[in-house]
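Please find the structures below.
Paired with chain B in one complex and with chain C in the other, chain A is shared by the two complexes that follow.
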Partner chain A sequence: MSARRETLLWLAQRASAAVLALCVLVHLATIIIAVQGGLSAAEILQRTRGNVLGLVFYATFVAAAAVHAPIGLRATLGEWLGWRGASRDVALVLFALALAVLGLRAVMGVFGGAA
Partner chain B sequence: MRRNDHRARRHPAYGAFLVHRISGILLALFLPLHLWALSQSLQGAAQFDQLLAWTAAPSVKVAEWGIVVLLAAHLTGGLRLLALELLPWRDWQKSLAALAAAIALAFGLAFALAL
Partner chain C sequence: MELLRAKVWRGAEQGAFQSFEVPRQASQTVLDVVTHIQRHLDPSLAYRYACRVGMCGSCAMTVNGVARWTCRTHVDAVAVGGAIEIAPLGHLPVIRDLVTDMSQFFDKWARARGRFSGSRTRHDDFARIAPEEPERRQADAGIECIGCGVCYASCDLVSWNPDYLGPAALNRAWTLNCDARDVDQLERLRAVGGDAGCHACHAQMGCTERCPKKISPTAGIAGLKRALARAALKGAL
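After this line comes the complex of A and B, so read on.
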């Protein structure tokens, strides 16, 4: 395990955390405002479809989460389950890709195109 | 493996570490489900409404509240970590942990009131 790689992962974890801090604040505020008075699909999609700012914001959110979550799990798997080495990292790269693909699909579904 | 002694585990910072780690694991498990359910439900407004109807059940609402608190706790715990690592600090570790807990619970309260 190279020190350089560990340093880069540490840096990526902090940088993505800083982005996520802002994203999560906005997301929590949105959730709390949106649930007031109940939710309906038409109501939500009417507000979101074609909203470019929302699309860029949530695409950024997904990208930062896809970087952040696997690095956090990496430390946890190593320290609590003793799972280290290449197999752990391959599994986590796949997890990161799955998050990115699922996340961007969801973002496109909510914010992309017309209703 | 080196283990923490009981003095380290009695410090509030150990509690803050556990909350941060466990909330992180649970969020990493929830995130793929959340994104998958969202993209599945976006086949059309009818499917989306089905998902929203399911989330109206009281047990699901309690679970949602739990996830909001986990997210808020992971956010504030992460800000605590960034402050510890990147800002000069000496003797305000406990205050920082308490502040993180207070803000996380405030989000939980705001979400519960908005439901």
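After this line comes the complex of A and C, so read on.
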């Protein structure tokens, strides 16, 4: 058993969970407050484009999700499908990269560019 | 005379439930029922017990789907409509009828380095550990385990990952982790970390719910995770 690797993964999942807890709360509160006045998609983008704070916040959100989800999925794949070993970890690294790339692409789409 | 309908597992991994009718008695335990069957109805029934008073941990079985000490389980508390179902302890190979092979259960205690490793000899003075020391108290909370296997049979993770060390072995490792006299701490942490060790636990607390000694292996496993995290951050693992 690789105690060190598993411990570091456990720490990473707990730390990312703490970040996600905060991010989800801020995200939900932002959505609820933002739509109070009945904003259109164009009006939302008008407010978010070029917002550096929003970009950093959601990039952090995406990074935390990209770390957290594959580690949880790792246990599920092992227990439910019996898939363990290097092939599972390679697949999950690819999954983590996909989450990060797709998530950051969405963040850039909403927060990137000029205001 | 009031009768209890008892369905009892017969066979090994492959087998079937056999029904018996057993006279009801005041304060009758499930072990009393099994003993009545073996002594009066079918002497070929295989089961295991020793002390009959909740000290030895050898009579654990599955009663109405729940792992229990049969000697400390009153029929009144578990019978449904005048009937009970008695099966061998779960997650362990069945040797015959109600007897399981507990080798893997105890082998995992060994894998978790569940033995004390001291450095003192008979010529040294006693180690002095104050009863109120936090680590002593943490060890106290888990030290009364008698190895009955109820927690192991109640842990879903054991069925999902047969290599998983299980709550009892990890609880034992935790009590040793809290023992200031033990000199094998790091090796033990290495043994209990990993996806077949404490990190596999989902804290569903089936073990804690069912432990007849009211021990919380879940708390011990959480303690091992914290100890491993500290060791990993220090670069000691």
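One rule holds for everything that comes next: the second predicted complex is superposed on the first by the 108 of 115 C-alpha atoms of A that agree within 3 Å, B and C clash if a C-alpha of one lies under 4 Å from a C-alpha of the other, contacts with A are read in each partner's own complex, and residues count from 1 in each chain.
Methods note: contacts are C-beta pairs under 8 Å (C-beta built on N, C-alpha and C of every residue); 3 or more make two chains touch, one makes a residue touch a chain.
Everything numeric in this text was worked out from a predicted model, so none of it was measured.
Visitor: Check whether A:21 is in contact with chain B, with chain C, with both or with neither, and answer first, second, both or neither.
Guide: So A:21 only meets chain B here.
Visitor: So in the superposed three-chain picture, is A:106 touching just chain B, just chain C, both, or none of them (first/second/both/neither)?
Guide: A:106: touches chain B, not chain C.
Visitor: Just chain B (first), just chain C (second), both, or neither: which does A:65 touch?
Guide: In the superposition, A:65 contacts chain B only.
Visitor: Report for A:32: first if it touches chain B alone, second if chain C alone, otherwise both or neither.
Guide: Only chain B; A:32 stays clear of chain C.
Visitor: In the overlaid three-chain picture, which partner chain does A:2 touch, first (chain B) or second (chain C), both, or neither?
Guide: It touches chain C, and chain B stays clear.
Visitor: Which partner does A:11 contact after superposing on A: first (chain B), second (chain C), both, neither?
Guide: Second partner only.
Visitor: Given the touch rule stated above, what does A:40 touch, chain B (first), chain C (second), both, or neither?
Guide: first
Visitor: Touch test for A:84: chain B only (first), chain C only (second), both, or neither?
Guide: second
Visitor: Could you figure out whether chain B or chain C reaches more residues of chain A?
Guide: The larger set of chain A residues in touch belongs to B.
Visitor: Could you list which residues of chain A make contact with chain B in one structure and with chain C in the other?
Guide: Common to the two interfaces on chain A: nothing.
Visitor: Along chain C, where are the residues that touch chain A in the complex?
Guide: Against chain A, the touching part of chain C is residues 157, 160-161, 189-197, 199-200, 202, 225, 228-229, 231-233, 237.
Visitor: Going by the contact rule at the top, pick out the chain A residues touching chain B in the complex.
Guide: Residue list for chain A touching chain B: 14, 17-18, 20-21, 24-25, 27-28, 31-33, 35-36, 39-42, 44-45, 62, 65, 69, 72-73, 76, 98-99, 102-103, 105-106, 109-110, 115.
Visitor: Spell out the residues on chain B that touch chain A in their complex, using ranges where they run on.
Guide: On the chain B side, the touching residues are 21, 24-25, 27-28, 31-32, 35-36, 38-39, 42, 45-46, 48-49, 52, 55, 68, 71-72, 74-75, 78-79, 81-82, 85-86, 107, 110-111, 114-115.
Visitor: Residues of chain A touching chain C in their complex?
Guide: 1-11, 75, 78-80, 84
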